[in-house]
Amino acid sequence: MVTKLALLGAGRIGKVHAKAITTDSRAQLVAVVDAMAGAAEAIAREAQCKVSTIDEVLADKTIDAVIICTPTNTHADLIERFARAGKAIFCEKPVDLDVARAEACAKVVEETGAKVMLGFNRRFDPHFQAVHKAIEDGRIGKVEMVTITSRDPGPPPAEYIKVSGGIFRDMTIHDFDMARFLLGEEVESVFATGSVLVNPEIGALGDFDSASIILTTKSGRQAIISNSRRATYGYDQRIEVHGSLGSAAAENQRPVSIEIANAEGYTRPPLHDFFMTRYTAAYAAEITAFIDSIENNVAPSPSIKDGLVALKLADAALKSTASKAAVKIG
Amino acid sequence: MVTKLALLGAGRIGKVHAKAITTDSRAQLVAVVDAMAGAAEAIAREAQCKVSTIDEVLADKTIDAVIICTPTNTHADLIERFARAGKAIFCEKPVDLDVARAEACAKVVEETGAKVMLGFNRRFDPHFQAVHKAIEDGRIGKVEMVTITSRDPGPPPAEYIKVSGGIFRDMTIHDFDMARFLLGEEVESVFATGSVLVNPEIGALGDFDSASIILTTKSGRQAIISNSRRATYGYDQRIEVHGSLGSAAAENQRPVSIEIANAEGYTRPPLHDFFMTRYTAAYAAEITAFIDSIENNVAPSPSIKDGLVALKLADAALKSTASKAAVKIG
Amino acid sequence: MVTKLALLGAGRIGKVHAKAITTDSRAQLVAVVDAMAGAAEAIAREAQCKVSTIDEVLADKTIDAVIICTPTNTHADLIERFARAGKAIFCEKPVDLDVARAEACAKVVEETGAKVMLGFNRRFDPHFQAVHKAIEDGRIGKVEMVTITSRDPGPPPAEYIKVSGGIFRDMTIHDFDMARFLLGEEVESVFATGSVLVNPEIGALGDFDSASIILTTKSGRQAIISNSRRATYGYDQRIEVHGSLGSAAAENQRPVSIEIANAEGYTRPPLHDFFMTRYTAAYAAEITAFIDSIENNVAPSPSIKDGLVALKLADAALKSTASKAAVKIG
Amino acid sequence: MVTKLALLGAGRIGKVHAKAITTDSRAQLVAVVDAMAGAAEAIAREAQCKVSTIDEVLADKTIDAVIICTPTNTHADLIERFARAGKAIFCEKPVDLDVARAEACAKVVEETGAKVMLGFNRRFDPHFQAVHKAIEDGRIGKVEMVTITSRDPGPPPAEYIKVSGGIFRDMTIHDFDMARFLLGEEVESVFATGSVLVNPEIGALGDFDSASIILTTKSGRQAIISNSRRATYGYDQRIEVHGSLGSAAAENQRPVSIEIANAEGYTRPPLHDFFMTRYTAAYAAEITAFIDSIENNVAPSPSIKDGLVALKLADAALKSTASKAAVKIG
């Protein structure tokens, strides 16, 4: 059986998913939709599929599932429409920038019983998966402290910042999800501090470019997240979990891992330049998990609820920066 | 010229300093004082010097300086007495568990003009020094975010916890000093969270064994500190500084750095077992800096003021765990 | 333009190439040939192409090129037939186990002007490529000493050993090619020593399972190769080049690069299990280079001559183990 | 009990041993001898001992042992004289550049029953010791292949080369001893190749500056040694042992192990600058082993026989470069 997919949104992340789809022989991209015809056509040509419209995809009984990569403000609407149309749905994070809107959407998903998977791709990174597995296998005992370092190579343009929902909803949201994935217990409290150290323009837009966050759970487990919108040495993505019996860590990845030694010392090349190259394997495994959930008719994970919780943590972080106090969750 | 030193306190850390003194040919240990005669004698024998008393050392004009390694509750008194006696003073941290008492002591030091150096040994670790130098040399640009991971191999006995002043004044105080050393700007605000994850006995004594702390400075620089009283893999001591042009990190140290590969993977030995082995070079360099300050007649660093500030940060951290809010530093 | 390819040989390495072809959108696998119908069908099904015969492929004007993955003793014949048929040819190493036969084949290739590329896949590994580029960019100065460590995870079955031509022609041949790639000068002399340390059965078949080889060039550059048919920790593939200005090295690769720390130490997972996983990127880049040479109508590299030279080095190594002396290369 | 030592030779290596002696409280340096009064005085002042002469030391019943660090051509004579005088002897390698002379000396040692330890300091390096212990503990199974990389930071002056006995007797001799230490079986055959790649002046003196050597044992174990007189990145000293169950390696050491990341990549500082800093711990452990052998009245190791065997391997290596064939060891 082949699962037929339509791609909604042919931008940067849409291309990433289109490519990921080619790695699973059970998946076939059959249609691409984008407001910009050229973008849709480019992907369609490469994938040897057709350019289509939202309505056509909705109406097409042969299409099993959609991959939503459109702008954030369309996510909730599209999820609702395709949930009602009985399609399986993969949606890029976040569900919406507004918690209430996201909750309403989640309710529709629940009512329709639609399969909705949220695009927290990092859960599928083989290195992070291996850390998770080490925890599951009991190799580090009871989880106590999680440390997540997450830094972009460089800040996005102001246009992007404006509609991003701010660093916590846009960037840290991945780390909130990763913290939950690793902590093994729900987050109870969030403290966050943000600064503008990288680019004053970001501050002018009311956002931060540097942030430190502490999460705590009921039993006292702690997670630390360190974010920056700029790392000269590449896309800095590390996790470390400290437990009662030991520690497990996933180090940074680089495209080539040579080392050159000379009078100045030993030098290894910079890291991957961004998520498209760093998380290639994760995007492929993510699509595979989505296809698995469709083929085996099981609920996909991470779910829309996971998306909702991460969003609430982001909101709490933002509140915390204003109150300078820890914010309780739910 | 040889600087003649008396060692006050012949316990675990006293032994460390006695050994460190032997590495600087300008320094000579001439007397050891301890309430337990046996402890003093053991060091005196090894160092080929005499066992003495506080009063004798105070009265001995040939003794230039004292190394105070007695219990914390005697530090302030001893500093004041030896300051008035005109001796140079090296004192283990903290000055006192009580800020007011420590401030009063600092005032005496100021009035007498005594040379007082505080035992923040980690500033002298060659690896941390190299990170500091990289900052000074401008190699990572403007400092933005400091990350300090500091975990003991195992929790101290309950008897120690009782008189320790709590994790922030006993353990994190080193990290507070290190953060200040690396941030290059005074800390303005402290948020801390603590849990009991390692040993319930520690909780019963009203202390924490696991803590996460965020420090911020006026310009928005951030420091994160992660503390645990237990790390199965050894004494975990790492620093990382993220700046506008790059990042500098000092990794963990181990006594032997071999790697054994087999079907289970590639294994390197655990880290140093504790500070006595991890910071051997730091203790030697620290004594050398103390002797330098005496010989060159300059103010030693870190000073008693540095000790005071670190103590205030520890107090603020403790307050923050109760208020669950960031605490402003006076 | 799409280059249409036929795959001859649907065994282990045939599958690797079939998969590699899917990564280049300019290449299309249109036919698979194998004496075992089932093997051919399995690949054909996956690639959505037809099962065919040698004669059909020879006769099919629409097929541009062949990928030869059949048993070694058929390579020279197939190269000659397809060279005469005007197809571009990619052939797995070696051309033949017999130098004279390989030379006769190379002559046919020369006469027909056929494009023939030899399957020295390691030249295309991104890490080894980066080392090669560091040399080309002058970052380590003049090359002086090359060190190649090349160890298989485990010995092949006796049936394979029997037809392999021996360790030098089967396994070290890759390292001979790599040494030539990195030395930047032709090898003038070969000394080799071989032992049976892994499996006596290999010795009973007149072969070695452990070998050390020294190559020298005219100007005195040296290469060392260390081979074993067994490494419990995975597929051990390292190169290091020492030059007048510095050194460049490519370390081993592993599927996941996490590290778990506990009381036993710090452990990273074993290496890749063998060439299919270790050299995935290399196989893809190799096919891309082959397609490039066809599209741009330039001579492919490594050429059949490169295959011939590596074979001569293998023969010299074998001779050296008997004479216990260095063997000069013609 | 304190063992009283006299140091013969106050040059570079003499200073190293004088310092090492201070780390063992059972050892006391009581006399220093050198043809250059100034050199002897400098060490004597630091060690607070007297300057003396060979004859005085020979006659002094209170002196237990001598550390011979004089020029190589005096070693055999001094060993014989002090052996006859009943002193324990630590002598820097080699015993002599001439095998016959070294053998005659070893005979005297045997006849007198003197304790003679040879200065193969690397056996005492904690990292190499840990590799050796891993072998002894059976962690890598049966030893099969040893790889030793040994490169000096820069070539010695021509004056030194002239009296050095050539690269094999001067530099590789340490690696021959290390190979024996790790192989666990006597070397049966030596193949060596040498070139002049670093400095033509070295070639003009009839010596090599770059060498590759293969050693084999009776059961077929193999060792590879790679030597260069120049490594821009510091003193390159690595060992790796491949066995039936796994592999054990000791990596290079550096004075500070920080890492700086920026747009050019991740850079760690160069290695130690030479043996004085690289092998500080080894020199201390070596003296401790020597004192142990005196105190416990057991034969020291490595012995003068170990020195003799290493010298024979060096001679064989030199012969091999001329004959271009493996040389059998008696």
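In this document, chain identifiers A, B, C and D correspond to the written order of the chains, with residue numbering beginning at 1 in each.
One rule holds for everything that comes next: a residue touches a chain if its C-beta (ideal position, glycine included) is under 8 Å from a C-beta of that chain, and two chains touch if they have at least 3 such contacts.
What you see is a predicted model; the values in this text were computed from it and never measured.
K.L.:
Both chain C and chain D are touched by which chains?
P.N.:
Both chain C and chain D are touched by A, B, going by the contact rule given at the top.
K.L.:
Most remote chain relative to chain C, going by C-alpha centroids?
P.N.:
Checked the centroid distances; the maximum from chain C is B.
K.L.:
Tell me which has more C-beta contacts between its two chains, B-C or A-C.
P.N.:
So, comparing the two chain pairs, more contacts are at A-C.
K.L.:
Between chain B and chain C, tell me the centre distance in angstrom, where each centre is the average of that chain's C-alpha atoms.
P.N.:
It comes to 57 Å between the two C-alpha centres.
K.L.:
How big is the gap, in whole Å, between where the Cα atoms of chain A centre and where those of chain C centre?
P.N.:
39
K.L.:
Return the residues of chain A touching two or more other chains; collapse runs of consecutive numbers into ranges.
P.N.:
231-233, 245-247, 261-263, 269
K.L.:
Hey, which residues of chain D end up touching chain A in the complex?
P.N.:
231-233, 261-270
K.L.:
Chain A touches which residues of chain B in the complex?
P.N.:
142, 144-145, 147, 149, 151, 189, 191, 193, 195-198, 210-212, 214, 216, 219-222, 224, 226, 228, 230-233, 236, 242, 244-247, 323-326
K.L.:
Show which residues of chain D lie in contact with chain B when the two form their complex.
P.N.:
Listed in rising order, the residues are 22, 25, 46, 126-127, 129-131, 134, 139-140, 245-251, 253, 255-263, 269.
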